[in-house]
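Chain nomenclature is as follows: A, B, C and D, assigned in order of appearance, with residue numbering initiated at 1 for each chain independently.
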Amino acid sequence: MSMGTDNKIIAFCCEKSAYLAADRAGRMRLYYPDNVRIIRVPCAGRVDALHMLRAFEKGAAGVLVMGCQEGACQHLTGNLRAKERVRYTASLLEEVGMDGARVKMVNLGPDMAQKFVRVVKDMAEKIKER
Amino acid sequence: MIIAERKPFEEIKNMIAGYKRILVVGCRTCVTICWAGGEKEVGILSSQLRLQSGRNGNELSILEATVERQCEKEMVTQELGDKVQDIEAILSMGCGVGVQTIAEIYEDKPVFPALNTAFVGMPEREGLWIEMCAACGDCFLDRTGGICPVVRCAKGLLNGPCGGTRRGGKCEIDPEKDCAWVLIYRRLEKQGRLDLMRKYYEAKNYRKVKRPGKIEALEA
Amino acid sequence: MAKPFRETLKKKDFIVTAEAGPVKGSNVTNMVEHIELLKDKVDGLNVTDNQSAVMRYPSLGTCLLVKEHGGEPILQITCRDRNRLAIQADLLFAYSRGIDNVLCLTGDSVDVGDHKEAKPVFDLDSVQLIHLVHSLNSGKDMVGNELDGGVDYCIGASATPSADPIEPQLIKFDKKLDAGVDFVQTQAVYDLNELKRFMEHTRKMDGKVKVLAGIVLLVGAKMAMWMNDNVPGIFVPQHFIDEMAEAPKGKGVSRGIEIAGRLVRQIKEERICDGVHIMAIGREERVPDILEAAGI
Amino acid sequence: MGIFLCDCGGSLKNIDFPKISGDLEKLEDVAFIDISHSLCLEEGEKAITSRILSENINRVVIAACSAELREHKFVRLLEELRFNPSLLSLANIREQCSWTCEGDVTEKATELIRMAIGKARLLQPVERKNVPVNREVLVLGGGFAGMKSALELSRLGIRTTIVERKSTLGGKLKEVEGFYGLETSLKQMLDSMITAIEKDNNIEVLTSAEVTRVRGEVGDFDITIGGGRREFSLSFGAIIFATGYRTEILPQDFELKPGGNIISQLDLVEMLRAPEKLKRRPETIGFVLDVCDENSRLPTLSSLNNVLAVREKLGSEVYVFCKNLKVDSEGAEELYREARNRGVVFLKFDEPPQIYREDGRVTIKAKDVLLGEEVVLLCDLLVAEERALPPEGTKGLSSMLNIGTDSQGFYQDENVHLYPAASARKGVLFVGGCRGNLDLGRALTDIASAVMGSYSLLALGEAVVEVEKVRVDPEKCRACLTCIRACPHGAIQLLRVNTEKEVAQISDLACDGCGVCAAVCPAKAINFEGYSDEQILAEVETIGG
């Protein structure tokens, strides 16, 4: 991992829930570590194991896939598929000797700014330890 | 269709230990359809290898390619032609045929299998494949109402079932698995063709299955 | 010297055979004891061939021991471990040493045994094996070559009267009867109605074949339940399991003998079939107690 | 590429804009970088307009505030300038950067903009086009919901075809006695609707007919209809399911067979039609509800109506045994009060009552929770509870259209986005009973939203579509059916495109833009413009420096 980055976190955010929650967190001036980079996706189901692995290749220390709450996904199964894919990616990481907990699935409603910030802070904490 | 499954990463890692520049080759036919060796899987394995290389110091350089069909010499050479010069080892994500075709063409380079070619089968549902044919070279399906005892009976009996069937017509080795011959019985009974099951069948002629098989078209 | 089994089949009206399980090793002393104990009490002594696909002293070897000690051995052959060449060779050798009874079995799959990674053979199945023995009896090998010195085997087959569904089993059993069988030793039987239905069917197909009902000695309630899940072809009904469970501590085996004795007595009195085949797996020494409990 | 930065009226103090523009100017494919104070206002828009008209740039990056607030404004502006909005890439340097850290975040802002630039470089133009859609709607089911939908659509000028399994229209209308408080009796309502339909040349009715095959997508469903004698195919823009529901009397729950003096609501309705024909007027009638299916609204409404009808027409004593009566549907509360005033006794039980026949009469024994003691009622007639079930054809139809059904087999999975009448597939809508809405009040709201849904989709006879925004590359596609099985909206079919082999084909109109197909495709054959793998990875790779 190129050491140039000080352990960044990539957050794939579904534009219908998590991305809006991130904006709301900003509007509420909720501070969270600045090593998070949010990538807007149409649905959590769009995020592929390849994207997550490439993030780790490029030096990310943690990846968050943030989709709608279960049963509230506009695309019905998008967030459920994302959960399976995150579990699959975690096993891929374990195979390579990395900690599977570095990739995490999060379910958010569009107004859950506090939860967004809490999840980001947890991940930031976790990757500091290793 | 040929169904294959990716080897555990540990096995692959040990295979290519010591080689720096590696070409990972996918195949766009059977192994794509069963999610084992298509372009997406090539990407995933290559990512894992790159992640792996960073961790214990030896910098791997991974090249990715996907051949239309790895079991066709022309297609392999066309796709890999220029990519192979300074490659030290090739990691094929094709089925066993693909691995050997590449090995034959590039004899100077070690070629490793990234998949375990499992069976000839079909998807039961999205993401779940089951074996249906053992390619035994002497098809028996006409006598069993279209259910293959060679594959789906644990002992491959031609005069089934064995004495060990469990209550409810389940197989001796697995309470979840239906006994093939009970399935055959039910289907032939529905079709009123139980005479087929009552007939005695000679021991199988294994000459027809001499490995490796070879088939030559008459007009070739 | 025990009388040849073929004669016993003709003459006696209630035939009793038992099963001697070979040792997992080469120390044959226990086996010899069992042989000495049982050879005069039963009309024939079956010797299992790697029972439940667990590797043991060979069936052929044990049969020679039975012969040497004056018993009447019944060789059991499964299709799991040998292909058609090996089976024919073994049959020639066994006959030349005076063994002329064979029970043709398909054999349990390696998955239930202790060498699960082995390559199962199953070149033949039990019906094809019966046909093979018949061709040897007629002085030719399986592909028709003349034999210098033939064989004359008394042929046995097995069946599972308690199978569910039963019809496929009966279709296979009919194929065995069509091939020609001298005696039948069934899988463990606990529900005599199932045995009666099975006998009705068999009598219709072939009047002369002698059928011996398989009796497996129950040792404990847990063991009975374990057998239901793990031993192919055995199904112990719940009421027997409960009966075993009620047995006071340490009295499990004697309760099992009582049940076995009751079954044998009922079969004999109601003349359901032509005899019994007692399988006291690992407890051969208790077979005489069962016979005694059955009044034989 | 043109870059516009907005410092939100200079309020983003912790971002050093000149430094950012200094760094980014070095990139050779950047034509200019403008720093503006208010891109969201007139002044900002003018700046963008002049820049775009004067410079010949083919990509635009705007780093400002949240897309939720501004994106549609920027998109409309670009459209007016004849600049394809799919070539716009946004970065949120306010809510997602400046406002979430005290310290200087210039470095983070630069990286966010660099991510937007990385993605912008790969954006491809996506054309918008009008696609013709068939304005006709297929209505399945000729009950109240079906007829009402057809009539409403016809009022809006949409032609509909009603396909009804039975030989006559009417469905449940013929079975229910009346709705207390509704002036017109159901009979009159049924007749008036049928005559209206007959007169209306916008509505075609096919009775004793059934759908046998469905192909195609919204805007052009190719439906094959069979009806005994012959089969023919028609094309429709949308489908409205109004297949109603089936009721089943629950003998097994009562261990007693219906018949004799245990009847269903239906039999009661028949009886009430001609009370004079009764041999003996039943003195006391018992109703039992909520025995097995507490949350179905059907029993409450039909029972309350029938109870009042009985009081009015027969005047016999009425006792209702219920666990907890649900009066949440429209008008149910008034019916309940009316019944109480009319002397109907309601008894609340916890364990289900025991019921057994005794010399021609029925005894109901139950522990009344409120009185606290056991109540034994001897009555001449017991009206048993009915459970609502989906109609027979549901399984076949739902597999034909591969849409889901809920746990009890009714249509429409519970999903907040789909309420009230939409299905997962665009152009397929459900109304009334087949969706679990058993009372007229709720059915009317379904009908209204389904009618508006299909009207807004088809009225113009064409729909705006983003051409091949999500596209399958026929060369790479192995027709492995993964995307077809995975698509939550059933928008992908296996078709013989211009190539000789069959490949997956995504219908631009039916596609809802979730990208699940692009993620699951094992051959990487599906390109989702705007969120393609390359574009997403371009953003990811920016963090690598």
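FYI, contacts are C-beta pairs under 8 Å (C-beta built on N, C-alpha and C of every residue); 3 or more make two chains touch, one makes a residue touch a chain.
All figures in this text were calculated on a predicted structure; none of them were measured in a lab.
A.B. asks: Stepping chain to touching chain, what's the minimum from chain C to chain D?
C.D. replies: The least step count works out to 2.
A.B. asks: Which neighbours do chain A and chain B have in common?
C.D. replies: Chains touching both chain A and chain B: D.
A.B. asks: Look at the interfaces B-D and A-D and say which one is made up of more C-beta pairs in contact.
C.D. replies: When the contacts at B-D and A-D are counted, A-D has more.
A.B. asks: Indicate, using Cα centroids, the chain positioned nearest the centre of all protein chains shown.
C.D. replies: B
A.B. asks: How many angstrom between the C-alpha centroids of chain D and chain B?
C.D. replies: Chain centroid spacing, chain B to chain D, equals 43 Å.
A.B. asks: Using mean CA coordinates as chain centres, what's the gap between chain A and chain D in Å?
C.D. replies: For chain A versus chain D, the centre distance works out to 29 Å.
A.B. asks: Between chain A and chain C, what is the gap in Å from one C-alpha centre to the other?
C.D. replies: Using C-alpha averages as centres, the distance is 64 Å.
A.B. asks: Using mean CA coordinates as chain centres, what's the chain B-chain C distance in Å?
C.D. replies: From the centre of chain B to the centre of chain C is 40 Å.
A.B. asks: What residues in chain C touch two or more of the other chains?
C.D. replies: There are none in chain C.
A.B. asks: Could you pull out the residues of chain A that touch at least 2 other chains?
C.D. replies: 48, 50, 54, 57
A.B. asks: Where in chain B do residues touch at least two different other chains?
C.D. replies: 40, 43 - these are the residues of chain B that touch more than one other chain.
A.B. asks: All pairs of touching chains, please: list them by chain label.
C.D. replies: A-B, A-D, B-C, B-D
A.B. asks: Chain B touches which residues of chain A in the complex?
C.D. replies: Residue positions touching the partner: 1, 48-50, 53-54, 56-57, 92-93, 95-98.
A.B. asks: In their complex, what parts of chain A are in touch with chain D?
C.D. replies: The touching residues are 2, 4-5, 8, 10, 15, 19-20, 22-27, 29-32, 34, 37-43, 45-48, 50-51, 54-55, 57-60, 71-78, 81, 85.
A.B. asks: Taking the complex as given, what residues does chain B use to touch chain D?
C.D. replies: Those in contact with chain D are residues 28-29, 32-33, 35, 38-41, 43, 126.
A.B. asks: Mind pulling up the chain C residues that touch chain B in the complex?
C.D. replies: Contacts found on chain C: 80, 84, 105-106, 108-109, 111-112, 120, 122-128, 131, 142, 158-160, 163-165, 167-169, 171-172, 174-175, 178-179, 187, 229, 232-233, 235.
A.B. asks: Quick check on the complex: what are the chain B residues that touch chain C?
C.D. replies: 154-169, 172-175, 179, 181-182, 184-185, 189, 194, 197-198, 200, 202-204, 206
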